[in-house]
Amino acid sequence: MPRVAVLGAAGFAGALCARLVEGHPSLELTMVTARSDAGRRLDHIYPRHRVRRELETYDPDRVAESADAALVAYPHGAAAPVVEELLNRGLKVVDLSADFRVPLDLYERWYQPHEAPGLLDRAVYGLTETHREEIRGADLVAGPGCYPTAALLALWPLRELARDVVVDAKSGVSGAGRGATESTHFVSVAENMNAYKVEGHRHRAELEAELGRDLPITFIPHLVPIDQGLLASAYVTPAHAVSADEVRDLFRAAYEDEPFVELADSPPGVRDVRETNICRVHATVEPATGRVMAFAAIDNLWKGAAGQAVQDLNLMLGLDEREGLE
Amino acid sequence: MPRVAVLGAAGFAGALCARLVEGHPSLELTMVTARSDAGRRLDHIYPRHRVRRELETYDPDRVAESADAALVAYPHGAAAPVVEELLNRGLKVVDLSADFRVPLDLYERWYQPHEAPGLLDRAVYGLTETHREEIRGADLVAGPGCYPTAALLALWPLRELARDVVVDAKSGVSGAGRGATESTHFVSVAENMNAYKVEGHRHRAELEAELGRDLPITFIPHLVPIDQGLLASAYVTPAHAVSADEVRDLFRAAYEDEPFVELADSPPGVRDVRETNICRVHATVEPATGRVMAFAAIDNLWKGAAGQAVQDLNLMLGLDEREGLE
Amino acid sequence: MPRVAVLGAAGFAGALCARLVEGHPSLELTMVTARSDAGRRLDHIYPRHRVRRELETYDPDRVAESADAALVAYPHGAAAPVVEELLNRGLKVVDLSADFRVPLDLYERWYQPHEAPGLLDRAVYGLTETHREEIRGADLVAGPGCYPTAALLALWPLRELARDVVVDAKSGVSGAGRGATESTHFVSVAENMNAYKVEGHRHRAELEAELGRDLPITFIPHLVPIDQGLLASAYVTPAHAVSADEVRDLFRAAYEDEPFVELADSPPGVRDVRETNICRVHATVEPATGRVMAFAAIDNLWKGAAGQAVQDLNLMLGLDEREGLE
Amino acid sequence: MPRVAVLGAAGFAGALCARLVEGHPSLELTMVTARSDAGRRLDHIYPRHRVRRELETYDPDRVAESADAALVAYPHGAAAPVVEELLNRGLKVVDLSADFRVPLDLYERWYQPHEAPGLLDRAVYGLTETHREEIRGADLVAGPGCYPTAALLALWPLRELARDVVVDAKSGVSGAGRGATESTHFVSVAENMNAYKVEGHRHRAELEAELGRDLPITFIPHLVPIDQGLLASAYVTPAHAVSADEVRDLFRAAYEDEPFVELADSPPGVRDVRETNICRVHATVEPATGRVMAFAAIDNLWKGAAGQAVQDLNLMLGLDEREGLE
């Protein structure tokens, strides 16, 4: 049974990775690490995950002794050197940060100088529904961002049709991470909602990389008072008139065999997918304007992070991609 | 001091009308009516409004004896005959329903056969910022819908510039009214959000009527887990390239003297305007696409309903429009 | 594999019963019934449970043909006749209503005339931790109320010690059921909390029946703005002074082998047990007064209703009581 | 018109003090100070309060030049030296911290060594309903804690009758202050509730000081997912049997002339008092046990902090205590 280490397990996504691996029938969780929380037990930070294991300090050799694969849930920039150390020691790695999601120029425009640019060619973008075959053969997979996961699943079947795109996305607060800040304070969020980073959010880079840089895409995130859940509302000006039935056919063709995409007859609620790895999608055409619209709901910590990382790892290890996720 | 009756005061908007009139320094609240709640005291239904007054059954002659003006907070369809009876008895009326907001053809396409079509010409659309002078002389004002209020305030300064518009709007649950239904149940709403009426929401009619029927406008409402608050995110494809500064100048020119529009340097949160009559707006340009964006936040029960109705009534009665609203 | 019918599956508890049985490795879900929702698919009402099965109308003979056991999630009063029909046809039954939880005199004082009093002697109270052996042999088990489940688990180890008890309990809104009423409307609940039924809540009857009628117990429920979760804070005046260590020993002795009771070092949060069948408990002594205190958190729909019903059924059918609940 | 400075105006309570003074018809806000936020505009931190004024660094001489009175919203320990400097310069002071609420021995048991013990005799406890006459003549008033405000208003009419008391109190998150911590993070609070500080919360000191040290009082706070609002549920074992009518008479006698206490026929909700200075109370007797119960709801930032401070200041300055609070 493959042994798996989860690095950065004290964060929201990392902790869920640890829980999913520990409950996985075909994987063995052998190590969890953290930086400032090293020495604490993971179930003392997250009682609900019930992973009764102590957080260790990261050491690449010890990880390599303990594990055949690693899920790395570090901040961007911090992830790349660690990923490099683990790949050099022969582990398979799913990196949940942004470090290997996009080409170098996009990365350096939206993020910072890259710490391990030589690995970018080896990395596969981990959106299973669009890169499944490459993921199977990969030893480095970049887990997509939460917003791009929902946005891309909403837009993928429309990519040939789209001439102009607006994505209005709304996320729960867990997407902002465990850091306690003014903007994650309960009093800032309750009974509130607002757009943010309207001049440009980094997740746009993934949309450009995956959908092509020529398509005009407006992408605006909003914060809403829920903990887990993300909804992408995509408004697409089509290159030519299409009917709602034609749109639904495009989605059916793209997703009918997908284990974690659910096509719904009406707009999905994030509650429908809470604590699941499912992306629930509804697509239609606005009669008044002919605009094509697709609404995609995910749990940002599951399909938007940890669940998708396990789905990727399953594929990389030759397992059924659904294992441990149902 | 003008005497005011509030009809339909047991609903969310009507109850707030009653509270605002009762606390108003230059108006006297003389009657509150309800249908199924007649006989109950309004403060027993809404302790927080502290309007210690019994709800009466509607009778047009008694209203005419007691009041010089009326705020009518009835459902659409039910409002028109009542408005007609009161106008015939010489009262000034602000109608909060949809019955007098749009031309007959739009009304009958989106709603139902009109009960008092002869009055449509007399009615003024009560968005103060765009119809102030007409409101001053009117005896019938149609209070705008909550969604159109925010959407129109976001779009008005851009109406010459806009070639294509997407409005993604998000509302708290009080906008759905006091009726207890599956979709207003706490358990349906908490930790949830979803688009709804994606095939066409009635409030679109007001956007068409006010902005012109030739402009393609996608308007999609969403329900989010807050009680009071509405955010309209408007994405506008401009007819020609504009800078963020030029966009801000348009908004400044339109609103700098407006008592209830606040121009913000960053995207507004609905919490910033909760329990106020203020619309807080931020407009800018997305660098990557040149798309013009405007975000408008209101309290759907205040600026989106009762507060705006009192603002209208102030103007109709020759008072300072800010009275009773600060 | 035992075949199970879930009756009243359109309610919150019944729907979760259906999901738990459907996902159970050793049970087969063969029928779901509902009254007003008969004919609808269960996953159309509750997409998140993903039970893709049509709700049927109840017919005792058809249930008896299809199932070896039934979970009955009917309102009190309506349950008893149905339970009788099913027992007469040889099924094992867990009844989630109040109809078989307490002796006849308590039932008729707190509820109404009993519809099947002859069955009361056959019924076992389904709090696994205190009635496990009786449940194993039973063909009729009465699933405890949500409040009594948490309160009894907080008080059971203290029952010899207690001279006087106050239970201040707080429940999420799902405990009030699926009915859309003024008190379950999102706008009534959000940013609110209040005590209710302070003159006497029916669930007190179960505390009297289980703990003895001589012990003075104040039991006051509160509604708080969460969907699933229930916290019982129990304040116990001890018959003699005890230390916190002695109290913890009592709880350890009572629960250390319990699969679904978790002893915590600090007061539990309901989030720690959300979507689990676990009751998480912390007990201690207030230094200033010597008062013994125990705090018990459950998910009211799991351990407080459907989860516990499945736990009971597991025992009745000779299965491991943890099956299908982890 | 008395000039007022608000010190520590960047915190939740201080910011509301600033807003209330600025909107006060008989007070003039002349200065707001902050430590780490000095230099920022208060309306940039709290748009909703709309106090368009820059936060200054504290300097006792400058405060004394600018103001006749001060509201000090500092953490305990930090407040006392500042209060001393201002009193020495002739200002009247309401201190919202714990520094002057209780006698020296209680303070040093629950808090820390006192920084200005010589002033304790001069300080009056600012619960208006129980210390009104002393407040009128005072130059130093200690604003009560939020929990004690609600608990004392629930218990005051019962103080002669009570033989044993349990107070189970529940607070919204704003009571924990503006500091961003793990326990104020939205994700920690949403869909959660828990008791905390069960071994002894500092606010107990005020209950002991005001109600007498001989009365056994259990006081346990809970955190619930709301922003503003606090409910104290008080369970009182009476010295002798009393009827619900007798209890209500006690409350009527105590509070019928109080401008900010509202006696309710049913248990109050915190929503009923949100954004008001009102304490809403319901008292009754539990039929089954004879226990006396009182439920008191306040807005923790208004009656529990800033509103009450302004009420105190009104009295100290010879104004109507309701001014600026309705």
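A few remarks follow.
We call the chains A, B, C and D, going by the order they appear; numbering starts again at 1 in every chain.
In this text, contacts are C-beta pairs under 8 Å (C-beta built on N, C-alpha and C of every residue); 3 or more make two chains touch, one makes a residue touch a chain.
Here the structure is a predicted model, which means the values were calculated and not measured.
Shared contact partners of chain A and chain D comprise B, C. Fewest steps needed to get from chain A to chain C, stepping only to touching chains, is 1. Two chain pairs, C-D and B-D, are compared here, and C-D has more C-beta pairs in contact (counted per touch definition above). Among the remaining chains, A is positioned farthest from chain D, on the basis of C-alpha centroids. One inter-chain figure worth recording: chain B and chain C are separated by 45 Å, centre to centre, where each centre is the mean of the chain's CA atoms. Taking each chain's centre as the average of its CA atoms, chain C and chain D sit 39 Å apart. Averaging Cα coordinates per chain places chain B and chain D 37 Å apart.
Residue positions of chain B touching 2 or more other chains: 188, 190-191, 225-227, 268-269, 271, 274.
Residues 164, 166, 168, 170, 172, 188, 190-196, 198-200, 204, 216-218, 220, 222, 224-229, 231, 233, 235, 237, 267-271, 274, 282, 284, 286-289, 291, 293, 295, 297 of chain C are the ones that touch chain D when the two sit in their complex. On the chain A side of its complex with chain C, the touching residues are 47-48, 190-191, 264, 268-269, 271-276, 280.
Those residues of chain D whose C-beta lies close enough to touch chain A in the complex are 12, 173-174, 178, 180-182, 184-191, 225-227.
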